[in-house]
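The following blocks contain the structures, represented as structure tokens.
In the two complexes that follow, subunit A is the common piece, with subunit B as its partner first and subunit C second.
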Partner chain A sequence: MNSSIENTCPGPKKSWNRALLQGLPIFMWMLLLILVPLAIMFVTSFFVKEGVQVVHRLTLRNYLEFFTNPIYLPIFFRTIFLALSVSLTALLLAYPLAFFISRKVTRFRSQLYMMVIVPLWISYLVRIVAWRTILGRVGVLNSLLLALGLIREPLPFLIYSPFAVYLTLIHIALPFVFISVFSSLEKIPSNLLDATSDLGANSFQTFRHVILPLSMPGVVSGFTLAFVIALGDYIIPQQLGGLNGLMFGNLIVSQFGYAFNWPLGAALGFIMFAVAVAILFFSQKLGSSEGFLE
Partner chain B sequence: MKRTGTFSFLRTYSVLVYFFLYFPLLVVFLYSLNASRSTVRFEGLTLAWYSRLFHNPALLEALFNSLKVSAVAVSFAVVVGTTGALFLNRVEFKGKALFRSLSMLPIILPGIIVGLSLLVFFINLRLQLSLWTVMLGHMTFTTPVVMFQVLARLQRLSRNLENAAMDLGAKPHQAFLYVTLPMIKRAIVGGALLAFTMSFDEIIITFFLIGTTNTLPVYLYGMLRFGLSPEVYAISTIVLGFSLLLILFMARYTGTGEEIYGKR
Partner chain C sequence: MEETPAIKLSGITKWYGSVQAVCSVNLDIRQGEFFSLLGPSGCGKTTTLRVIAGLESPTAGRVYLEGEDVTDVPPYRRNVNTVFQDYALFPHMTVEENIYFPLRMRKISRVEARPMIQEALALVNMSGFEKRYPHQLSGGQRQRIALARALVNRPKALLLDEPLGALDFKLRVAMQKVLKDIQRNVRITFVYVTHDQTEAITMSDRICVMKDGLIHQVGTSEEIYNSPSSIFVAGFIGDMNFMEGVVTERHGDEVVVDVNGFIIRSGRPMGNFVVGEKVMVCVRPEKICAQDVCNLEDMQRFDNRFQAVITRIVFRGNDYEITVGLGEASMRLIESASDFKGENEGDSLYVGFLKEDVLLYPLQAEEEKTHEQLD
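== the complex of A and B ==
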């Protein structure tokens, strides 16, 4: 199988050709569907729209627009803040669960594990429908609180607010964070934990000084995945965010709808791309993010 | 392990997290059975909303479009993803690690960027938006899904088996067909099912590339603009059940659960 490098097989040249032929489809895929579109988006971000015409002259005007027009920066920072809150909360919810299933449970482990990751692949829109139902003005939560007499009027901030966006994004990000943390917890050899208890550490000390540091790669990659998911979403803010819940993604999309200023859209998209790549790059130095596919 | 205070705390905490994950899905299911048109009050059970769906030609067309898109995007992914995995498993080249990271991008990057970059690309090519452009959009993420599943499987296999077959006189294509392929078959099917589930539900990329036709999620999205209705719940429940079925089948078929479980 390794013949192209080790030349164990007769006709090394022929097997090189075979290898190239095998690599061709995936290289074409990457070139035509990922690299070229990204490059063209990047170049387009330096064009500018004048009237109804897109002028093919390179300028920084779109990026200047981002930094000077008071619409963009506040929403950009709001989005970053939301993404940070979502990933932090998802981590707080997922870590104890992962720790529980990985370290404490002895029966039904694989079933419990599957139960967390099944929602990962369950329809995104269905979850939006669900949270709209729960958080609506006359929704499940308000009705329940009214019936219990805890409130006199429906809580207004439950839906069409950043809070609704926050909650729905956590629901989506949680399984991703869970998988990352769980797989790093599973990699900790149990004899290490035996050793710490032999040396007299109590379970809190073991957790604090052995388990937590060793699970950090999973924490970092889970945090990153959640951050990037929250960063780029525009459908949830549209459906549950209301006016105060609009996010950076919505600004990008609006450039393709009413405004049809796609050079500006491309520039905003590239800014988001740069943020996402920067954080992915940073986290890859610290952990791996391929776990959830394998 | 001794059942301590920590244990019961973690257990309660976990139950609450499971509740958070599943309660919303349960709500959708229950509301799809609600006899009242009101989406607030419960007035008995009915299956009427489901039967109504089958007499809605626009919905059926959207469903059919979704199946077409997913079938094409997944078939593409099976061919290109599998050959890509074989290639990455066999051949060493400069920049391989970078290539691997880059091919993760369509899954890890926000969908909005993938959708946006393809839209700008297609606008520049003066390509008419249609189901075909949606299919191209879906191929970006279905391909690495299959590829990484197959690659993970290949890396656990010994490379000697195929070499042994060739030493015994098998031609390369025979060694692949009779030795390697049977061993990676489950990974291919598992990856394809996963990719299908993702593609069938996809809206973030699709939204950019769809033009004037509908896929099922785009149709559902359009309905949501007019508010929640029993039909919305019925469609959602069907989509929910369908994804659940595919995923459970995939987990069972590829043994994902056991494999991870078996590590300890």
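== the complex of A and C ==
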């Protein structure tokens, strides 16, 4: 009699080829729509424009231009600074709102959520035009302040200034930050909050030791999203920024659009791309909490 | 003078909107006892526990911890700790940090806390797991860490909300023993919420049986098993045969009931019955003795003796459950595997039981419903 139970199951199927086949469409998609254009841009950034001709000779001249021409570096750093301020402010505004709606409100929660999200339904360009009418010299805000007698003359810094760009970018980025913070707060099980309270933590301690750390993934992804949106934008500076509100994105656009210097534009674009990738990389490390809230 | 109860609930009532979860509950839980709140889901046992913890404030009534009114004290200032049903370990903290959390809230330094954490881990037999994260632990291990975290502050009482509900059978039995051992070691009052009557009976010093927000009975396991105060308790705790009948005679404590033409004598009527009243007759299956040959001398001692036909035999591993028909009613009895004489369905059997083992309950419309639900 056979007393032991033998494992006669067939072994795992070697499905290497099948996995490869299944991954092929997504790989092709990535290749054609992301990697190939990036590679083309990267190679172009080493070409140079001489006269009206693009010379297909590899050189570092475009990158040298970025570091030596006094136009680029100040605007580059100003852009990074502005993008950081925008994403930080958006985060500071969105976090309390998301916290309030996700954890404190019991009625009309989804309606409140929708109200924050609703600007996303309106075209980006329309919203920019709206801000022009609000912030303009004879715009809504100035007219109101004048009518109330609070100011004698229209406030000059409201439009065509870095301030206008800052304000509008926050408006654009806010819903994205809100969504990611909200969803990470929403995921925190309420029994953890019962537990903190039971174990002797007041609401502030609960927030500091449990809610904030567990919402970090949402904070980081919201911050990154806002940063990338603000970093690359060129329409808002063009429409509302004036001369002082010029951003790095505008410089890139002008190389492609007006100067027809594609190699230099590609180089500048790649520098910005590198910054965005670096920020993404660091923030992913910071906000990683794999396996925590599954 | 009686000692102050560890926990005293006085007239606790809790409404959620228009739903009443708990209805004027009065309870005295003694120092150091293992006290279970037992009942089906939705009976208000968890709400009662949360009221003790301070996680819910009662609509009416007062909560006392060691004689002190804590009704308006927030949970983080009450010296009781809870083990939650799904453990509620902090996922972003290691085992050590989880157990340090309650100490940290009391401003105890990490250095001072280390031996306390070690002691708590040793208590639940989890030393060496300090650096693990909760998601790296199995269900039973998480359970132990939750226990260590709740005990590290040496609370006046430990509240456990169905702590073993998510574990499989073998592990649950092992953890029951662990819990009981820990309770003996630390001598802290345990308030244990469960819907598992076996768990409650085997572990508790005293049990409170609840249903629909009301307390049905409070007593030791034996008291509740042997003298259930209502049909609900009789059916919820252990196994029970239910038969409807009509009272035909009454002599002092002995009541005679007619069940479909079978006369059953009861020595323990749970109420004042009059002749002609409808009653529920209850007998525990293990109190019924069966013989396949009528041995008069042996059966003589039983007040109730019948010849009945076997309608069903179920083998259950260590015993057989045999169902016999009594007219339209039926009765289940247990025969241990070693006593089983190889009867077949359709055979006739002599059954007998003492009148002391027959309980009678008044039959009311509402309780009839309860009985049906239990079946």
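Here are some notes:
Here is the rule we use: the second predicted complex is superposed on the first by the 256 of 294 C-alpha atoms of A that agree within 3 Å, B and C clash if a C-alpha of one lies under 4 Å from a C-alpha of the other, contacts with A are read in each partner's own complex, and residues count from 1 in each chain.
By definition in this document, contacts are C-beta pairs under 8 Å (C-beta built on N, C-alpha and C of every residue); 3 or more make two chains touch, one makes a residue touch a chain.
Fair warning: this is a prediction, and the values are worked out from it, not measured in the lab.
With both structures placed on the common chain, the touch criterion links A:Ile80 to neither subunit B nor subunit C. With both structures placed on the common chain, the touch criterion links A:Leu141 to neither subunit B nor subunit C.
In the overlay built on the shared chain, the residue A:Leu192 is in contact with subunit C alone; subunit B does not reach it. Taking subunit A as the reference, the larger set of touched residues comes from B, when subunit B and subunit C are compared. Once chain A of one complex is fitted onto chain A of the other, the partner contacts of A:Ala276 are limited to subunit B, with no touch recorded for subunit C. Shared-chain residue A:Ala201: touches subunit C; no touch with subunit B. By the document's definition of touching, neither partner reaches A:Leu155: not subunit B, not subunit C.
In the overlay built on the shared chain, the residue A:Ile235 is in contact with subunit B alone; subunit C does not reach it.
In the superposition on chain A, contact is made by A:Gly249 with subunit B only, not with subunit C. Residues 289, 293-294 of subunit A contact both subunit B in one complex and subunit C in the other.
Taken in their complex, subunit A has these residues touching subunit C: 189, 191-192, 194-202, 205, 209-210, 213-214, 289, 291-294. Subunit A contributes residues 1-5, 8-9, 15, 18-19, 22-23, 25-26, 29-30, 33-38, 40-41, 44, 93-94, 96-97, 99-101, 104, 106, 109-111, 113-116, 118-119, 121-134, 136, 138-140, 143, 171, 174-175, 183, 186, 190, 203, 225, 228-229, 231-235, 239, 249, 252-253, 256, 262, 265-266, 269, 272-273, 276-277, 280, 284, 289-290, 293-294 to its touches with subunit B in the complex. Against subunit A, the residues of subunit C that register as touching in their complex are 53-55, 74-77, 80-82, 84-86, 88-92, 101-102, 104-106, 133, 135, 149-150, 153.
The touching residues of subunit B, counted against subunit A in their complex, run 1, 4, 6-7, 10-11, 13-14, 17-18, 20-25, 27-28, 31, 39-40, 79-81, 83-84, 86-92, 99, 101-114, 116-121, 123-124, 136, 139-140, 143-145, 147-149, 152, 159-160, 162-163, 166, 172, 180, 194, 197-198, 201, 203-204, 207-208, 217, 220-221, 224, 228, 232-233, 236, 239-240, 243-244, 246-248, 251, 256-258, 260-261, 263-264.
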